[in-house]
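Each of the two complexes below includes chain A, the first together with chain B, the second together with chain C.
Our next item is the complex of A and B:
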């Protein structure tokens, strides 16, 4: 059996006692090294779930089971688990703690009580990983949203997490910034196959990149499976206010016209196949 | 808006930038004390203020900030001048400098009042310039680290100085972000017909509410998310953290401290002994 990174069983959560359940009896698991996307419309409870996984909200209902790398959030483990998780949030400004790129990456290292003489090396390495090495001494107000988000990613990667949570990390960025962040995440994943990624998003194109997709609607997981499996359930997706990715829709429309391609979810792959198809013809 | 952001850190590598923030804080106190000392008579005051002005200008030039920005930030002090003039004009005078400059409805305005008001104003300007030199040459984080170092004695009284220093540095970090918010909200409200610049005071005050309420709300949202982000990256105010930036005391700091202390000592001596250089050295009595 594969090692599990995240194990959630019968998880329920509400902000107020006896209030409406934001998460209602959720069960899923994520294998170590997987790239999983969790999609859902606004208000589906996906950000709440991210915060629970990151250990920011601890008042989950009794009977709920939450284990991360085979540890549950209790007094002795919680700091250990937090050390394994890195989370990138939505708003680039609200997670920039330091007054310069260098100081912001250092912030997480300081919290982990890492020896200051080793910090410079780590800071420069992680800044290089996200292509921000030339901006190390820049203040946040001189950076674009995409650049700030790359710094946020660097700040998290500097702590070498085992589980990377992306909580709508690209939703406030322009298309270019979004592509940059996603390709950086892919690159990291390629270099470190053991890294487990849970990307929480309402963007189906982003979800199409993942190995496995969970669909959250009104606090419940309504669909799960590989991207192709999930996006074939049109009715359920529509109920959850989600569309299938463009490439999938196009592939389907082409199939209806008798042009059969390997129903890929990524635009690049589809484009390549289309080119091959037309050159064959 | 730009005048508020004036004291912001300007990244250069000047000798002043390289000083330890703790040194700079003490030097600031020493120099502000020197600037605000009183002297025996107007001529000595003039001489010493001139010396201080020269010193501040040299220091300012050393940080390589633009003088234009200094003038801009001093611009807002003009209402101080009016206020001071008013105070000195209505205060009865008993000193010997009783030349009347002009009359307002038979009420005499003495040259001394004007000179005193100007004296205070120049000192205020020097103080503002000195503070600007400090904030422009010191990273907010270094500054808070310096302040934290001075506050560290009260750590033993159970006060979490590191947490307070973090609060301070976050406040400084978010000034530009919140100013951006102000501008964005102002634009948004203007496009909805709110006029912030014209109208009676009551109308403008009401317009201001439409700025302040969303600003407070967005700041609260920001601080909530910031708290999550900090906690997510392992921040715990009660646990032990290491420091990326170490404060180090160099030879240059010692020299700077000695120079500032010497200047302060000179000013204090002149002030306490009522030394009059014009009378002592030249035998001239100047008032």
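Our next item is the complex of A and C:
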């Protein structure tokens, strides 16, 4: 059987006692080494879920089950689990704590009481992994949003997490910054196939890249499966305020005009099929 | 109200070793009642340019004429009435929801009109009108802005600007961080406001947004205007030179043309117009 990185069963959560349920009886699991995308509209409960997984909110409702690498957040295990998880948040300005790139990456290492004599080496290695080695002594105000997110990622990677949570890590960035972060994450994943990634996003193009997609709407998981499976449920997606990827939308628009192709999520596949269509007489 | 830039330059920390030319001799006309998109990479001078529009910055050379207000490098020529200028030019900064501060939604939205001299009752009335306009009903009036979702907060922040009834709206990345449906709603709202003759200035990296909503695009690079044209003209060019992204629709259309599908780029602005054009092209080929 596949090893599971995350197991969630009947998870419910509200911020206030008897308040509205932000998460309502959610169940899902994530296999070790998978890249999973969680998509949902603004206010769907995505970020709350990320924070619960990261152990930032521990007051989940009784009967809820949450296990990360076969451990639950109890007194004995919580610091152990936190040691396995790295999280990158949405706003690059909210998580830059150091006065320079070097200090910022060191912050996490200091918290974990890493031997200072080894720190420099780790810092330089992680900065190199995200392409920020030239900026080690720069202050945050001299960096662009994309660069700050790369530093945040370096700070997290320096701790070699087993589960990486990206909480809308690209949504405040411009298209170039977005691509930089995504290709970095893909690269890291390639080099470390055991790394499990949960990316929370409303960028459907990014979600189409993942191994598995979960769709959250109003605190419930309404769809799950591979990208193609999930994006074929247009009605549910529309109700959940989400779009389908561009290629899928275009395929649909062509179908409505009498040109039926397979429902691919890849633009190039769609284009290939169009060419074949035009050469068929 | 139109905005006219005449040979505008701006240097940060002038007369110091850190002097940096952010704008270099900009000549530009932003027409009344139109949507002008300002694009260019980070550091190209977009923010410095928009800050000249409500005199948050004064040019170090040249002048900006906003309606009857003159924001000039020459102090003698410079208009004094900042109050009415700022009333006319509404700025929606990036992530405006971070600027919410009052304990109820209606008070937060009424803050602008109150500041511009309206009486409390009047200001609340203006706030309610603006809130209805952005699609938030009465049930939101007395709620705390901090208990709303991200999309709702953004709407409250926008209502706060609309309540002062500006005739120019400057929008800095108005849809970033919003889910697709909320983003669409927000842009539809601005299109609606434009119908009253409001001039819209849209600063963005999102070329799909530019293609869909702008009448005119201003491309900036290192403090200079590189190009002013329609979105269609811009996107039919090779964009690498300007380090801009190609909108999805154009990216696909250009690839299709490369593959030999005889597609016309004219009139493409969204998925359905692309599908229409592809159908036409394919049928033509079959005959």
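By our rule, the second predicted complex is superposed on the first by the 251 of 281 C-alpha atoms of A that agree within 3 Å, B and C clash if a C-alpha of one lies under 4 Å from a C-alpha of the other, contacts with A are read in each partner's own complex, and residues count from 1 in each chain.
Going forward, a contact is a pair of C-beta atoms (placed from the backbone, for glycine too) under 8 Å apart; a residue touches a chain by one contact, two chains touch by 3 or more.
The structure displayed is predicted, hence computed values, not measured ones.
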Now for A:141: first (chain B), second (chain C), both, or neither, which partner does it touch? first
Go through the superposed model and pick first if A:112 touches only chain B, second if only chain C, both, or neither. first
Between chain B (first) and chain C (second), which, if any, makes contact with A:159: first, second, both or neither? first
Between chain B and chain C, whom does A:45 touch in the aligned arrangement: first, second, both, or neither? neither
Of the partners chain B and chain C, which touch A:227 in the superposed model: first, second, both, neither? neither
Looking at A:54 after the superposition, I want to know if it touches chain B, chain C, both of them or none. Which is it: first, second, both, neither? first
For A:274, is the partner it touches chain B (first), chain C (second), both, or none of the two (neither)? second
After superposition on the shared chain, which partner residues are touched by A:92: those of chain B (first), chain C (second), both, or neither? neither
Would you check which partner chain A:250 touches, where first means chain B only, second means chain C only, and both and neither mean what they say? second
Chain B and chain C contact sites that coincide on chain A, given as residue numbers: 90
Would you tell me which residues of chain A are touching chain B in their complex? 51, 54, 56, 79, 82-83, 85-87, 89-91, 93-100, 102-103, 106-116, 119, 137, 139-141, 152, 155-156, 159
Contact residues on chain A for chain C in the complex? 40-43, 90, 144, 168, 171-172, 174-176, 202, 204, 241-243, 246, 249-250, 253-254, 256-259, 267-268, 271, 274-275, 277-278, 281
Of chain C, residues touching chain A in the complex: 41-42, 95, 149-152, 176-182, 205-207, 243, 245, 248, 251-252, 255-256, 259-261, 271-272, 274-276, 278-279, 281-282, 285-286
Residue positions on chain B within touch of chain A in the complex are 9, 11, 139-141, 169-170, 172-173, 176-177, 180, 222, 225-226, 228-236, 239-246
